[in-house]
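The following pair of complexes shares a single chain, chain A, combined with chain B in the former and chain C in the latter.
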Partner chain A sequence: MMRTVALVARKEMKELVRDGRFRVAGALVLLLLMTALAFGWQQASTLAAERAAAQHVAEEDWKGQGDKNPHVATHYGKYVFKPVGALAFLDPGADPYLGVTLKLQAHQQNLPQDAAARDQASISRFGQLSAATVLQLFVPLLIIALGFGAFSGERERGTLRQVASTGVRPTQLLAGKALGLAAVLGMLLIPAAVVAAVVTLQADGAHDATGGEVGGRLGMMALAYLVYFGAFAGVTFLISARAPSSRFALVALVGFWSLTSLVVPRIAGDVAVRVVPLPTPAEFTQAVRASLEGGLPGSAPREDRVDEISSAMLDKAGFSGAETLMDESALQGIELQAEAAFEDEVYDHHIGQLMEAMARQERAAQWAALASPLLAIRTVSASLAGTDFAHHRAFQVDAERYRKALVQAMNDDFAQNAGTAGWDYKAGREVWEKAPTFEHQPPGLGWALSEQALGWALLGLWLGLAWAAAAWAAARVRVF
Partner chain B sequence: MAAVLEAQGLRKEYDGFVALQGLDLTIEEGEVFCLLGANGAGKTTTIQLFLGFIAPTAGQVRIKGLDVGQHGLETKRHLAYIPENVMLYPNLTGLENLEFFTRLAGRDELGETALRETLVEAGLAKEAADRPVRTYSKGMRQKVGVAMAIAKGASALLLDEPTSGLDPKASNEFSQLLARMRDRGVAILMATHDLFHSKEVGTRVGIMKQGRMVGRHATADLSHADLERIYLEHMHD
Partner chain C sequence: MFWKVVRVEWRNLLAEKAVGWLLGLLAVMAAYAAWSGATSVDVSRAAAQAAVAAEAAQLAELKAQLAAVEAGGPALPYSRDPGDPAVAGRGLAGRLVALPPTPLASIAAGQRDMLAGTVRLTTQSRLTATPQGEAAMTGPTRQMTGAFDLAFVFVVLLPLLIIALTYDLVAGERERGTLALVLSQPVSLATFVMGKAFQRALVVVGVTVVLAAAALASAGDGLLGGDGLARAALYLGALVAYALFWFAAAVAVNARGRSSAGNALALVGLWLALVVAVPGLVRVVVEAAYPPPSRVELVNLTREATSEIEEELTALEGTHGEGAPAGDRLLSVQEELDQRIGPVVVRFREQLAAQQSLVDGLRFLSPALVLHEALVDVAGTGALRQARFDAQVDVFHHEWRAFFFDRVRAGQRLTSADYDALPAFAFVEEPVSSLALRVGGGVLGLVLPALVLLAWAATGLRRVGRLA
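For the complex of A and B:
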């Protein structure tokens, strides 16, 4: 009956609000959360501005590079910078550990460099206090502090048998207690959520994503954290109902928290690295160099493969067997394209393999969320904030697509306009200005949700299991 | 007169220890049955069996004809329970506590005024209703317990040493409250050590020893001195 549930909820609220514990712990968490929001926002805005400025400078450098051969220009290359997502201030996710600067040039695919964590040792330690950290680590502690005595404390005080003697259904009691806890947590978290939402949507223009997209992601984030807190509340009620005493319940719950929030994530990371080892940067470079010289394993050596590709290109252009009819620089252009195509094959293969290994490693770590709700929310939250590895990959893929387009455009210009000048041909500002510019469009919400389907499923599993167990325990709770 | 509280061949064992061996008891409307006996005689066990907090090893407990084991929630609708220490929520006021337990018992029709009157009827000073219960004395908490029983409109009252530790005046007031509920037709089962008030408000007394009812007497047939003598005789051997 809803009436009883609401009655219990109201009583719980009154008790919690009048309880000094709640006021102190609640104020502390709210203070932490607001501080984290403010610092996160300030830091993310600075970063975003820095990167936008750097990107602007890179574009200007490109346009102002002076007259030179267009292919030579692609050797000098161009820098692109990973933009800061609109929600990165809420949850930096893996961003601080991932590269942000990517040099795009002919003949090779680079990996993003200059991870923030590398040169901000002192700042990043403070920067780790993100809103996500507060929500993922401290709010569960608050839930534990408020809920560990839900059943055990009432039993010790003797009020549980008084309640039981009225003939109230245990599941209604549980639902009422949950609702009461949700209401007081809401008093803290809803204002914080509103502040975060207003700040994000107000400042939307500064970022690349659309308002609807950001709103959708914020909404799903709120839902994800609701599920996470719900799971923790379920575990808290379960243990409170089963524990022989409140002291036992508190110790058990803090134990559960430290195990699932501190120990398991640490172990999961180590195990994943062991199960799916990644090559060291040196090994990776070595393997790429070997393939560039000798061809990909199981494929023809460099010279033969390049010839294969260039004849295919000539065939396609209708110059089969008539190379002599073409002017030399057109041939040069096609030669360059063929070499680039070969190099792309090699890089696409190796980088693809590396990415796949990283994704496998990530998935392996993700399954550890079966033993830790924190791991589940961490992946889901970072995914929604656009700061997980999948979004990073999307940036890399985007940048690589752009690199190919840029190199191609320059080689095309070389082939079409060099004429008899050949390698002495020089292009100028108007060619640089006509070249495509880089604009990274982060993937949409639907994509993020499907990428993290496993994380969502595990989060939902925690919620379902915790509440099934809590209902089971409440129905069997000892009253004295 | 209709039987409200009934026990038939009621037996309770804990890991081989027999707490109650074959109790038969019927309490009708307007009756006050006082369970006397030393600690561990089975008085509290009997009350908890009526409340359904523990399940009998053998025998039956019925409230208004309904088996407690099968109709646990429904039988509690007819019951009010006042333990040795009525335990309330310390941060809520007396009125808020009464309101919570009354609504929980399904009595929504009683408004704030009626609830305040009930507290006064139970003997609580009017101005105490809005104070947090953590400032209450034990006697005040017991009065809120009585108010809860009155407000619930219970037809049976289960009391487990409700006056132990109360001063004589508070104890006396409490007995008067019980007498009033008895006169309204409530069936009352009270475990107690207080022979004097058992004689005053009780209609019958039962003396328990080692899980067995060893003597039953109608209080009308006994003087205070008789009751004390009989009790001590039973305790002696």
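For the complex of A and C:
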């Protein structure tokens, strides 16, 4: 039985390898993949170096800002830059459209700025040539080209009857053909995967804290693409078995590919924007300003809320009712912190809402993966590469947590050390150096997997359904 | 004979249900794309108008405050004094300048969701300000995928439809066994194939032009004024030339006399190469040749340049106190900042312009690129028109600054009458002739290869080849 399958697989492989057209197509895809890998690697390393250098400059800048009041220092602020993940070169995902520089300062939560896509010519709208796009768009078409005649072609040549007469069961035939296809694709993709893996892991040796994680992410990525290709192969065999002719099978498959890979993702994005509308930047800024001036909608106005917070702080410090006994700068410090807490409430509310809406928009589009395997692999792949919105949001949350800690540390220093000097109190380099530093820890593999559970589930669903249907169709294939 | 073939084919085509379905699908998608494009232009336009109106209201408010002071009312604190040209110029009084959408803006989203078509100008350096677009914010995945606009439907999907209608012009007849029958009539293979292709081209181009023109209906009056009609003509011309190219490619592939599945594979391969692979590679070349300077470095550079100034300013802001920085100090600081940041920002623009001119040359490698660039150009949603806007805003910014700086230097206060005399901005559109020249070059870049393909096909069609 296994021998039969192996025999069929060997025959399929030979046939495909000997076909000159597929050799050319395969070589072109491989060339494209290698180009994309090389270009992606070069781009990602440039970006990574730029940002690491910039982060260093920003840290030095903070430390060397000179003597000033610690609260004034928080006005001066500090820039942080989003680090580039080790796998971004494989799949830049949404990264070019996401901000990378974030100014952390008192009284204000900023959104990351300077998305790379701003500085690109309109040609960028054709999409980026990355290893991920080659794998997501080109390889499925290669699978279709290799497999559309698997059953229909044999029927037209009359060989399907002969094969059936030898007693091969249809599922064995299907398994054999699938193995043959897998072997041919493997000859093409495994070398590329090995190159990518070696390059990634080698480079990562420099900062091996994430070594195991990167290896794990790379492995899961390989698995995800395997599932994706498997789903496409299943659909190809299904249609080849059911189609009245090879010509029909090919047209139907290309139609399926173009609808699911080109049309559905764009329509899904467009509909998601309508289902979950986001404000314009001006509307957002306006809403934040309104809340800063008048308090959050449905809550107390600014002054009352600030008083509330500061008396709660005094309570906690045990000074309630004894304000007159405290020295002035300590009171100043408390007041500053109460104001900061109020501002944090406002920004947390609005930015949180915005991020939540964006995440809802992303999720709404993801459900369209029910009608498009490409959407499923795209979200999963970007998530594993750490270049999706969820990872971006994690960076933002991390940076915000750091901002609060930094502002708090500075205000605490003001409250504790200013004494009677008040606003004239100045801190120096040692205080800046003692301040917490920012090091973004990207979320782990487990988090990425659970975050993209929907994508994985839909990817698995496509694989399962496609193969169930292919097996069903192969069992009923007309032999003449 | 040619026309007889066309007539016969017409009847054949009418009998085929699949053709109706395909054209219907195209119509539905084009209609959706047109509607979607029009609504998003409306959102941006409304947002821009609201912002401009708000800015005007703000200026009117400042003028009223100042008039009240002039009439003997209490003076306003320094930081909110609309009469102080340094303070007012630095932030209180700004001018919102807007790049109006062209009448054809809805056909191609271009970089609309990326770039800012409205800019608030103050006397502060505009080089370091972060532009905020007026389009509704969108999640990054949607931006990465791109909009479902007419440009997408025509550039990407239309060729697939043409391929579906033409991959079996000859092979289909051969496989059905009717080719021998047809060629027993007094008709050459070349006439037969060209007639069939012509008839299909007529149908597809007709439907496409009707759809494309219908999509412009949303532009309404705007289309009739200014250069609207010229733009519309360029848009339709480029579209027809693009369709012609794909028909020529189909005839050429048919002339090679393969099986219909072989033809379909070859055409889809060609489509994949020209619509996806070549543009992707061109982009790689363009970005490798002219990499944009690092924004991240710009941030630090700006910071370094401004740190002295910022320290001075944050020292004032940070103490939450009042106190007037000297007006002319502010002013010289702003000019100095421009001098230091200016060259870097210029480099951004130069690199982008260099990228664009390389694209202008390399676009001829792919008809899809030619059409896409033409549509974005005609719609006015690309980097080219934005660069023009930026340049004009620069000039205006000088004028705007001078208005305030001259008064600071002269030690004059602003009066409420000055608020009526603030400089105003109006975008000057590129003359339509130079737009026509660029798009016309693109059309040539579509028609010429199409003619070459047809000539090459004609030599192949002289031989009849296998009949069955």
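Keep in mind that, in the parts below, the second predicted complex is superposed on the first by the 469 of 480 C-alpha atoms of A that agree within 3 Å, B and C clash if a C-alpha of one lies under 4 Å from a C-alpha of the other, contacts with A are read in each partner's own complex, and residues count from 1 in each chain.
Keep this in mind: a residue touches a chain if its C-beta (ideal position, glycine included) is under 8 Å from a C-beta of that chain, and two chains touch if they have at least 3 such contacts.
Because the structure is predicted, anything quoted here is derived from the model rather than measured.
When the two complexes are overlaid on their common chain A, residue A:11 makes contact with chain B while staying clear of chain C.
Residue contacts after overlaying the shared chain place A:236 against neither chain B nor chain C.
Put simply, more of the residues of chain A are touched by C, taking chain B and chain C as the two choices.
Residue contacts after overlaying the shared chain place A:396 against neither chain B nor chain C. Contact with chain B, but none with chain C, is seen for A:163 once the two complexes are overlaid on the shared chain. By the touch criterion stated above, A:361 is placed in contact with chain C alone, chain B being left untouched. Legend: residue contacts after superposition of the two complexes on their common chain; A:19 is shown touching chain B, with no touch to chain C. Residues common to the contacts of chain A with chain B and with chain C across the two structures: none. By the touch criterion given at the top, residues 29, 32, 36, 43, 47, 50-51, 109-111, 114-115, 130-148, 152, 156-157, 160, 164, 167-168, 175, 259-261, 264-265, 268-269, 272, 276-277, 279-284, 286-288, 291-292, 294-300, 303-304, 307, 310-311, 314-315, 317-319, 321, 348, 351-352, 355-356, 359, 368-369, 372-373, 376, 381-384 of chain C touch chain A in their complex. Within the complex, the chain B residues that touch chain A are 51, 53, 72-77, 79-81, 83, 85-92, 96, 100-101, 103-106, 108, 132, 152.
Of all residues in chain A, only 3-4, 7-8, 11, 14-15, 18-19, 157-159, 161-169, 479-480 touch chain B in the complex they form. If you check the complex, the residues on chain A that touch chain C are 21, 25, 32, 35-36, 39, 42-43, 46, 50-51, 53-54, 57-58, 61, 65-66, 68-69, 71-72, 74-76, 79, 81, 93-94, 96-98, 100-101, 113-129, 133, 137-138, 141, 145, 148-149, 246-247, 250-251, 254-255, 258, 262-263, 265-270, 272-273, 277-285, 354, 358-359, 361-362, 365, 379, 388-389, 392, 423.
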